[in-house]
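Which chain is which? They are A, B, C and D, in the order written, and residues in each are numbered from 1.
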Amino acid sequence: MSQSKWIWGLTIGGTLLLVLAPLKLQSQPYIMHIAIVAFFYAILASSWSLLAGYAGQFSFGHMAFMAIGAYSTGLYGKFVRLTTAPTHICKEIPLGKYWLVIMNIYGNNCLEAGKANMPVGTLIYRLPAFQGIILGALMGGLFGLLVGVLVLRLRAAYLALFTIGFSEIVRVALNAEIKVTDGPNGLELAPLFPRGVHILGYSFAPTDKLPPYYVMLLLFLLSMGIMHWLSISRFGLFIRSIREDEEAAAALGVHIIRYKVLVFVITSMIAAAAGAVEAHYIGVITPNILLILQMSLVIAMAVIGGLESLLGAAIGAIIIEFALEFLRTSFTIGSVTVDMTTWRLVFFGLLLMITLRFWTSGLIHPLIQRVTRAGVAEETVAKRKAAEG
Amino acid sequence: MIELDVNNISKNFGGLQALNSVTFQIRGPELVGLIGPNGAGKTTLTNILDGAIKPSRGTVYLNSRRIDTLPPYQVARCGLGRTFQVTRAFRRMTVLENLMVPALAMHPTARQRDFRDKAMTVLEFLTIEHLANDYGRSLSGGQQKLLELGRLLMLDPDIIILDEPFAGVHPKLMEIIYEYITTVNAQGKAFIIISHDMDTIFTLSQRLLVLNFGELIADGAPDVVRHDPAVIEAYLGEEEPPEAMEETYLGKTEGDSKDA
Amino acid sequence: MEHAYYFWWALLWIIGWGAVGGIVTPRIYSKKDLDVSQAALAGTAIGAAGGPFALAPLWYLTPRLNWKWVVVPGVVILAIFAASFAAADPNNLCVTNGPFVATQVTNGLIVGIIYGLMALGLTLIFSIVGIVSFAHGEFYMIGGMAVYYFTVVWFPGMSPFWGILLAAALTFALGAAFELLFLRVMNTGKVERPDEYAILVTFGLSFFLQYFTLALVGANPKKVQRFLDFPAFGLPSANHPTVLKVTSSTVNLFNTISISSPRLTAALMSLVLLGLLLWFLQKTWLGKALRAVSQDRAAAVTGINPDTMNTLAFGIGTMLAGLAGAALVQVFSWVPWVGTLASARGFVIIVLGGMGSLPGAFIGGLIVGVVEALGAGCVPDPQRAAAYIPAYGMVILTLVLLLKPTGLFGREL
Amino acid sequence: MKKKLLLISLMIMILALTLPAVTVLAAPPTQSGGQDYVIVADDWLSKLADKFLGDILSYPAITYYTNQKNAEDSSYAKIKNSDEIEVGWKVYIPSKEEADAYFKKQVSNVGAAGGIKIGALAPLSAPGSVTGGTAMKAAFEIALDEINAAGGVLGKPVQLVLVDTEGLPERGTAAMERLINQDKVVGVVGEYHSAVGLTAKEVAHANHMPTIFAETWNDKITSVEYPEVFRIAPVSSEVAGVDAHFIQSLGVKSVVIMTENTGYGIPAAEETTKRLADLGISATTFSADLGTQEFSSIIERIKAANPDLILVLLTGETSYNFEEQAAEAGIGPQDVKMICNQVADDSDSFWTNVPDGKNCFYRRVGLPRALYTDATKAFVAKYTEKTGKTSAESYAMEAYDSLKLMAQAINEAKSTDPDAIISALEHISYNGALGTITFPYGTHNPIPAGTDAKWWHQFPKPAITMVQYQEKGQSSADAAVVFPDAYKTADPILP
């Protein structure tokens, strides 16, 4: 079982690396920024690989769940306040000494108008971003449940088309409902830590990268942990059996409806949570994040990393995010100058096709598998020899 | 005591009457053969027993519990397991994982390692223990059939329905399957076996059900059924004696769709 | 909207009772041991149309259901929809102005025909190769680009006819080459999950083609001059063209409905191509062979190699997309990303018409064309009307997939 | 082992990706010779710089040395922002030699990396406007050649780091982060999309990075009054004002605005509607997604509304689609007064895509042709030669000017210190393709009460004219200027 020690060692080593690296990289906010975005994509790609690779549900609506998470927390921050006095105009819910004020979505800002009714010294709180993120994850899960139930009967191309349709409807609605979502301008969100972070004698400004890095890293490790645990537990076994053959799985006692819906709910929640954190970090979320192009990026990351491997997809996403970022410059071969701003996506599309065609299980996953299955293969060979001998 | 009660099952597909008022019972660990010409309704019947499709009329009770209204996974948990005409191993899961699916599905709080020993015993019994960590897709067709039988042992049902267990199987594997059926039957499980391999089915089963055009035309011991005029009529209708069916049919089963 | 609530309540009624009907009816039918194949759809339709007043007798009497039980309530639903809309917004042009509606519908039908051509290729590929090509829009884009480059840039003065032919040849060759390189492997059984492989690999192709074209030709919009200048005449007479007035750029019917000539040319071209395609599939040996393969791959008649048929079908499918692009490059300004919206619309159409059905694609195109035209024409808030255009089709798509995944003319799943 | 090595090498690869070289800046020599000074009321650092060092632009040296002293001796103040000093602070005023040493060090720091780096933003891939981005790129290249041909800035060659923003706000953040922290640019110029500008300005502010926005019209970009943010593009609301006055001059009563569903289109339509309402003109807005091809339903509705004038705020190929389809449906520029989109200025592209576009009005930003300065003429000549277009779009001119402006500001600042550059920009008078650019309102001349905050660091007088294609196939160079009267070359042809 030496390989399992290796795996544990590498996992812990990798985690430590990710935790400690920013201490060295603090002075490089650009690298930190890419790292945060890379984790964001890694969460999306690995949760998509759980949905598509493990459970076989090729959904193109993953970014829609992400956006639902982001917009939920954004709207929560935009329209909900906690005050120490009632406005008497807005919809408000008394909570002990406080009032939860829900501003009217259409029409005037009732909180501004309501200030006239509030005594001097009234405090108005924006609710913390973390509440919004949890709300976002829950909304993502709710929509995941809805979509999961609706797509139960649909397979392959039908499922892909339905989820594209869902994603487009969400995008168009976010674009068109300007009064609520601020439309194409994008919804602005407060930073994760509006007052900065003060811990152990260190202070970080709201714009510093270190706190959001750790928040995103935590979410990444947490979701990887949850998904890994799920994938090796009965859940993983069942969703893979559903992927392989729904009817056979059902005939063997697997509650296919429950697990199919569940996998949608879980992956949607993870995507939504990632979207919510990312939106707070960037400070703005626009409906353009739902363009099919963005979804194809996530799909390509998962495919190139390894569709049937959470870790492969995550590493694939991180490498591709860094690569795409660093490829944004032109290079010259001899007399030909290649402008990578346009060509990088051409090569990227080509890489996606070629990976699919010739390396079905991705480029990263086989490397991981060689380590994890090395001992197993030896064991099998030994047994087979024994059986033949 | 195993009790299966199939009462007046009928099934229409659009205008087509696939099954017409089929009734039979199974009491105890019987070994029942189900035969009939192509399109007689055998697969429809198994699909109804398994819960994959709902009958138009009629009821099915297993151990006094009505199962025709239940979805397949609940039917499986009630104690009815089946294989499919075309083998349906989970191709990109290891053999061991294949076996774990029904084991865990039956035991909601159990964990994989609780069943490892049992799974290895089952694989040994089926002589494929050396393939435990191989992927399903790397197995030969016959080995995949064995794998399906292994999964049924892990499911541990009262009644096992085997759909064409002998079709396209190497003679050596056929022996293993044969032994599997008799051994497991001796351990107290009832079997319903669908087969076109007349020789085998006639020697193997204790009782034969014969379907023709959706009707149950005979139900009895093999020797009785062999000489039943209705059965001879049904097979002679195709101008071929029962024994000769095997070769002409076997060639076709591979490409046959599961809903045939 | 003055009385918007009329409309929203009607919609709520339709959706709510539709859902009740769709969920409960099949259970009641199966309890009574009746045929349930139409129960969900008919239950939804009847519930949405009549609510409890229709569902109660339906559940009590449980008549044998057929397509009439879907169509009649469908008409009633449309009527309720239209009536509540009229009540909600009595001053809307779609309510008060007949010629306006007629013009919108005509416009919708004309563009619908063109959409249909685009979707024909997609559905043809599905029926024979068995996959949905996500790169279809890019072949459409390439078709238009090719006509522009052949007739305007490389060989100025070349007749558009030859430009179209060359574009067709190019898209056919590209499609066939892609099939040989990337899709043929699916037939060998080496690909574990062929359906998903096909989705992803065509997705990659679409990505590749779009950015490749962008890198090559840049982002400047391109357009080809109209292919045909119509001769000017009028009916009943040139001086009093009350029925029909044709100028070089427009055709005007009854002085109300005007259709621009590039559009009409494109629509006529689509009809001709549809005819040619049907003739090819029905009358020629190759077409019959293609249909045979689409019916049953395994039962390939002697002398037909299904692999070759796949390549051919994929090539013809992409060629149809290219031809649709070639027809439209004189109507719309052409940029490398025109395919994205077009392929999304193509998906809507083939799902609506039934995947794999040629008449379905054509009629689906007409329906989508009219729905988009009426949607953009009637939604009261002008700021939302056009902004929601991409959503109208997607709403159709999701509804069809939920209620009747086989579409209007599809085979059973 | 081999397999494990593979995985380890993979990890190392990731490690290598995340650990780029860290450059350490050496501090300039600290020698005494200066003096301490306690701030009194009405002091500005630049005023002190002028008094003690003889150059108002030398104040960054005061900031720098004071902060140096603060590190050793907390009785000195810590100056976070040179514009915000308080009475009673103790600052250190360096000697002339120290100040010079500081500026030399600044220059050589930058020079050590091979040249002075200026960052540029432009959308070069979808969903951004690639048309706009590529035009801006060409203009940047021309400006860069000119700057370096003239000896660069501060005696060093200029390197341009152009980053694609894809028109996405989140990419705007990333691009700015990269320019500032990775490429260590000394200033940022450019950008086309307002939505990107809105997020980019936040990064610029957080990092105190002088930034000149080229084609981002959104009012908010300047109205937040960030000291770092300048803009030479017109303000959206002012453009709306020009449109409105032109529309009024045509005697129009009802207008339909066809706008795009973007961060540019929606606010622009709202502002124009407001301005028109002030003038007693009613307006209805229709909006469509960018990339919409099929407009016939909308056009029928516009037809039914029977407006006196149609204003097209769609951009790119979407505007061409609308304009041509409107013409085909009988409400084109020859039937109804139509203000086409400003992209019509690329006349080749316009006539290819809108053959029935005769009599189109369009708004042109930048000097009218008759008033072209030598700089404008020179730029247009180079630009048309480089791109093969018939004229230079306003955003190309703005891109060109933004880069040259930044170069001139650095030269005048004699330093790459952000405060110095900002101060130089506030006092600049630059002659370029758009005319003479100045920024009247800023730290040294706060916006007076009653004046809108949008004028902060804003080039107030980008010339905006209304032009009309009066003949089919006309080049934009020959198109008639019809508004305002000051620039008029011909009367508008009205349908």
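As a convention for this text, contacts are C-beta pairs under 8 Å (C-beta built on N, C-alpha and C of every residue); 3 or more make two chains touch, one makes a residue touch a chain.
The structure displayed is predicted, hence computed values, not measured ones.
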Applying the document's contact definition, name the chain pair with more C-beta pairs in contact, B-C or A-D. A-D
Using C-alpha centres only, name the chain that sits farthest from subunit B. D
So how far apart, in whole Å, are subunit A and subunit B when each is placed at the average of its C-alpha atoms? 44
Let me have the rounded angstrom distance from the C-alpha centre of subunit A over to the C-alpha centre of subunit C, please. 33
For subunit D, residues contacting two or more additional chains: 125-126, 261, 289
Can you list every residue of subunit A that touches 2 or more other chains, as numbers and ranges? 172, 175-176, 178, 293, 342, 345
On subunit B, where are the residues touching two or more other chains? 91-92
With touch defined as at the top, which chains are paired up in contact here? A-B, A-C, A-D, B-C, C-D
Subunit C residues touching subunit B - in the complex, by the definition given at the top: 30, 33-37, 192, 298
So in the complex, which bits of subunit D are touching subunit A? 3-4, 6-8, 10-11, 13-15, 17-20, 22, 124-127, 163-164, 167-170, 173-174, 177-178, 180-182, 194-195, 198-199, 202, 206, 261-263, 265-267, 289
Which of the residues in subunit B end up touching subunit C in this complex? 12, 14, 54-57, 91-92, 137, 255
So in the complex, the part of subunit A that touches subunit D is made up of which residues? 6, 10, 13-14, 17, 21, 24-25, 27-31, 33-35, 37, 172, 175-176, 178, 183-186, 205, 207, 282-286, 288-289, 291, 293, 315, 318-319, 322, 325-326, 328, 341-342, 345, 364, 367-368, 370-371, 374
If we count contacts the way the header does, which residues on subunit C are in touch with subunit A in the complex? 126, 131-132, 134, 181-182, 185, 191-193, 195-201, 203-212, 214-215, 340, 344, 347-348, 351, 355, 383-384, 387-388, 390-391, 394-395, 397-398, 401-402, 405
